[in-house]
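In the part that follows, the structures are each spelled out as structure tokens.
Two complexes follow with chain A in common, the first pairing it with chain B and the second with chain C.
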Partner chain A sequence: MKHLALLVRTVAAWLVTLLLVFPLIWLVLTAFKTELQAIAVPPQLFFTPTLESFREVNLRSDYLHHAANSVITSFVSTLLGLAIAAPAAYSMAFFRTRRTRDILMWMLSTKMMPAVGALVPVYVMAQTAGLLDSRTALIVVFTLSNLPIMVWMLYSGFKDIPPDILEAARMDGASIWGEFTQVIRPLAMGTLASTGLLCLVLAWNEAFWSLNLSSAKAGTLAALIASYSSPEGLFWAKLSAASLMAIAPIVVVGWFSQKQLVQGLTFGAVK
Partner chain B sequence: MSFLELRGVEKHFGSLKAIKGIDLAVEKGEFVVFVGPSGCGKSTLLRMIAGLTEIDRGVLFLDGRDITRLASSKRDLAMVFQSYALYPHMSVADNMSFALRLANVDKTTIREKVRRAAEILNLTQYLERTPKELSGGQRQRVAIGRAIVRAPKVFLFDEPLSNLDAALRGQTRVEIAKLHRELGATTIYVTHDQVEAMTLADRVVVLRDGSIEQVGSPLELYDHPANQFVAQFIGTPQMNIVDSTALPALRDAAGVTGPADGFIGVRPESVLVRPAGRGRLAGRVELVESLGADTLIYANVSAGPASERPVQIVARQNERTDLQPGDAVGLDIVPASFHLFDRQGQLVSGSARG
Partner chain C sequence: MNRLLPRALMAPAVVTLFLWMIVPLAMTIYFSLVRYNLMQPGEKTFLGLANYEYFVTDPDFGPSVLNTLSLLGSVIAITVVLGVALALLVNEPFPGRGIVRVLLISPFFVMPTANALLWKHMMMNPIYGVLAQVWIFFGAGPVDWLTNHPLLSVILMVAWQWLPFACLIFITSLQSLDRDQMEAAGMDGANPLQKFWFLTLPHLGRPIAVVVMIEMIFLLSVFAEIFTTTGGGPGNESTNLAFLIFKQALMNFDVGVASAGALFAVLLANIAAVFLIRLIGKNLD
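Coming up: the complex of A and B.
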């Protein structure tokens, strides 16, 4: 009986996993097909892999240029976001007022509006400032749109640090900067890392603003992928190859920081 | 000017005045204890001296310098927290040397100071451990060690013993007293425990509702309480306080002369238990607490046959007793041992004993 239950659970787990991973697997497979193989019916599971699509993507568009845009916009916006969110979370976690809760809710509520609702004003502002199709505009927008999440995550992480410890550091002669680097940073490393990583991923995957505010010059990898769903029809193989190249770097980053991420998300739960 | 001086210090929380104009001078090397019931503002006052809570009005001087608006980190004070507040990610040695490292003291000096503090506090073998691996008493000692390696101008203790069990509390109290004698450092110590206040302090500051009720040496407070609150707060069991109209016989028994209206206070050890029929007051035993060295006898004394509500009076004696609840006894009051308070609870001058 026990055996059977375990078996059912194992099978179910595998099914769910397959369901979740299938699109990714299909993406990887399609990337190594020719365009003909990609649209073949029935779909081919076994075929001779080819790098043709990758070659064509690289010929037709400048992968490295887009990749550089993605790296710069996501990393800079994440670092900028952390620099703004950390002091905000610090003051909310350790110097609570009657309005702290309201401010946090208000920040979160900005995420409830569909981004397209802010498209026209943001577009006009970018245009007026002469920042259309610039990395600066993307960095500013990515930073701002990730700030509420960053503040929330850091706030909940910082809240777990007993305020006495910071007061002790203050009595020991630590400045605010010292308090942050010597006490909060080591104690909230998991939170800081997972917040940074999450926002890095969010900025990397951001498509709406990069499609609308950038094109050739500042276009990120998201814009590169989108360019393969052209009016002449979908090029599945090339689209997949481009997608694979777009997600590869962030997958690698995520892989290496998985431990930090898990630790950060479960921080406070295990003490 | 005194070493540490508070002048008209106030703290407001919204419309509530938590600290109401405190004036206090602390001399160099003195051990001052703030004591009072919970909510009296003693911890707030300590935090204001530490700079962790802002001073809304008044001035604070340390060593001739106005530090009212100075950041905690620049005040050169060390604090031992109730929760110990050790840095959980640092070893014991790093915890103790944190302040010195921040001040860029050179490494050999730091090592020497930490070694000496660890020796004094019996922590030498724990220097490489983290706070998590220590017992409550050891953590407490690390917190004290963190304060003493710095040799600050003033030590601040915020109820440092309240997280320890009774046996350890007594032991640590003795150690803190010893430490103060050895280091001679100016110390301000907050507690709600009047025994800690009496045993540790050079001077006790009794606080209530954000105001100072009385300042004095422990025995001054015990022998000459300025008002009914201090009289009852200091000493266990509490001083007997009887409405003078409720028990006219007590006035005669205590030998009170002068204005009648008010309260009469008598310490339990000044109440003498006599066999039934003797003594100037007649009562009935309510409860006997035999503590070994001490015996406490709670007796109900009636003002007269007509009076319905008897007055409870506690007597404390060193001799043991065979008395049982319900036994009739007589009571006498040691001559001139009474404290006379007016209706507002203030001491009526000239009525103190001695």
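Coming up: the complex of A and C.
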């Protein structure tokens, strides 16, 4: 009876899961097909894989250029965000005042603004500054929209560091810089890494601002994929190959940052 | 230790976030009160509330609010109900549970534009798409999803992306469920349904509330999925508020009207935000 229940549960769980990720599996398969196989009726599950589509995508759509844009915007915005958020979170975690809580809640509330509410002014500002379709504009916007999450995640990470350790360091005459580099940094490396990872995922997948503020020059991979909407979308194998290259790195990063994701996106409300 | 340093450390974050909040908001309010078209630079005459009136009386306005709410409601309902079911299914150990969990979460990391095109072409194409083939296999006529059920199609795409998120949160929360209590309930003769209703569901109350509110914030401005698949159409059948504002701003170049609409969207989002902030505030330290 117990064994039967386990068997049923196992089969059910696997079936449901495979059904849910089927579109992704299909995307991976299609990426290795020829264009003819991709639209074959009935759909082909078994075929001789080819790398033709990947080659074509790289040749024709400037894939590497957009990949570079994605890498640069997401990494620079993440590092910039960490540089701004870490000192703030550090200050709030170790020098608590009556206002710390209010500041944290206020920062959170800025994240609640729907992006579309800021679309017009940001677009006009970027246009006025001549920054439309520039990586700079995307980096600034990505950094700002991820900043509240970063401060929150870093704050909850720093808060878990026992203050006694700091007391001891201060007694031994450590400067605030020494305190930060010698004591906090080794202990907070994990928090910094996971915060960075989450923001990397968010910036990489960001589509609203990329679509509205960038095109051929600064377009990220999210914008490049959108350009396959039509008429290139008719070439499913190439669409799949391009999509696969765009999502594979970040899906893998995502697998490793699941826990941080829960904490970061729920602002610590679910543990 | 002086009191200046902590403030100096906090300043960059506080100042940039303050600017990020107040500058766009002030500009939006100003734009919403003047005549401002990107194609006619220079002339900005004061209009009062005319932009608001124009946006609200636009024949697309009513349907777009309705679409925004049905998109929001449907995706939240789907993700919460299926998310809880899935989380329960994979909560107890079974062979391959680790792999199953990793696979389950994957759709959440697919960028919205790739997600949308994957569904639009390879899944929902009425001739070559997988769904059409499945329909034919079962003897039904294939469905032209994006033409005949545009909003439902968008709902499916967005739900596919957010179901893993809800599921992940519920899985995390289920791990802190009191096992002794569960066992005690079982000893006392509670059946699985009773255990679910009186123990599991109350435990999941808080995560469900969090999922609902976070999805509210993100789903109020679903954009990329609509932009890349239906373009808001046919007609206005899949136009939501975010897409309508985008159309006014960057396709009609009417910044004034778009800003009036944006303030409307901000208002809607704030209603959701107030609840979420209270909930999180309670949990702080």
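Criterion: the second predicted complex is superposed on the first by the 233 of 271 C-alpha atoms of A that agree within 3 Å, B and C clash if a C-alpha of one lies under 4 Å from a C-alpha of the other, contacts with A are read in each partner's own complex, and residues count from 1 in each chain.
What we mean here is this: a residue touches a chain if its C-beta (ideal position, glycine included) is under 8 Å from a C-beta of that chain, and two chains touch if they have at least 3 such contacts.
Bear in mind that the values here come from a model prediction, so they are computed numbers and not experimental data.
*Asks:* Considering only touches as defined above, state whether A:178 meets chain B (first), chain C (second), both or neither.
*Replies:* It touches chain B, and chain C stays clear.
*Asks:* For chain A, which side has the bigger count of touched residues, chain B or chain C?
*Replies:* C
*Asks:* Now for A:93: first (chain B), second (chain C), both, or neither, which partner does it touch?
*Replies:* So A:93 meets neither chain B nor chain C here.
*Asks:* With both complexes superposed on chain A, which partner does A:186 reach: first (chain B), second (chain C), both or neither?
*Replies:* Touch partner of A:186: chain B, not chain C.
*Asks:* When the two structures are overlaid on chain A, which partner does A:57 contact: first (chain B), second (chain C), both, or neither?
*Replies:* Neither partner.
*Asks:* Counting only touches as set out at the top, which of chain B and chain C does A:131 meet: first, second, both, neither?
*Replies:* The answer is neither, since A:131 touches no partner chain.
*Asks:* After superposition on the shared chain, which partner residues are touched by A:6: those of chain B (first), chain C (second), both, or neither?
*Replies:* Only chain C; A:6 stays clear of chain B.
*Asks:* Between chain B (first) and chain C (second), which, if any, makes contact with A:168: first, second, both or neither?
*Replies:* first
*Asks:* Share the list of chain A residues that count as touching for chain B in one structure and for chain C in the other.
*Replies:* none
*Asks:* Along chain A, where are the residues that touch chain B in the complex?
*Replies:* Residues 162, 164-165, 167-175, 178, 182-183, 186-187.
*Asks:* Would you mind writing out the residues of chain C in touch with chain A in their complex?
*Replies:* Those residues of chain C that touch chain A are 1, 5-7, 9-10, 12-14, 16-17, 20-21, 23-25, 27-28, 31, 38, 86, 89-90, 92, 94-97, 100, 102-114, 117-123, 127-128, 130, 133, 160, 163-165, 168-169, 172-173, 176, 206-207, 210, 214, 217, 220-221, 223-224, 227-229, 241-242, 245-246, 249-250, 255, 258-259, 262-263, 265-266, 268-270, 272-273, 276-277, 279-281, 283-285.
*Asks:* Which residues of chain B touch chain A once you look at their complex with the stated criterion?
*Replies:* 50-52, 71-74, 77-79, 81, 83, 85-89, 98-99, 102-103, 146, 150, 156
*Asks:* Spell out the residues on chain A that touch chain C in their complex, using ranges where they run on.
*Replies:* 6, 9-10, 12-14, 16-18, 20-24, 26-27, 30, 38-43, 84-85, 87-88, 90-92, 94-95, 97, 101, 103-105, 107-125, 127, 144-145, 147-148, 151, 159, 176, 201, 204-205, 207-208, 211-212, 221-223, 225-226, 228-229, 233, 236, 239-240, 243, 246-247, 250-251, 253-255, 258-259, 261-262, 265-271
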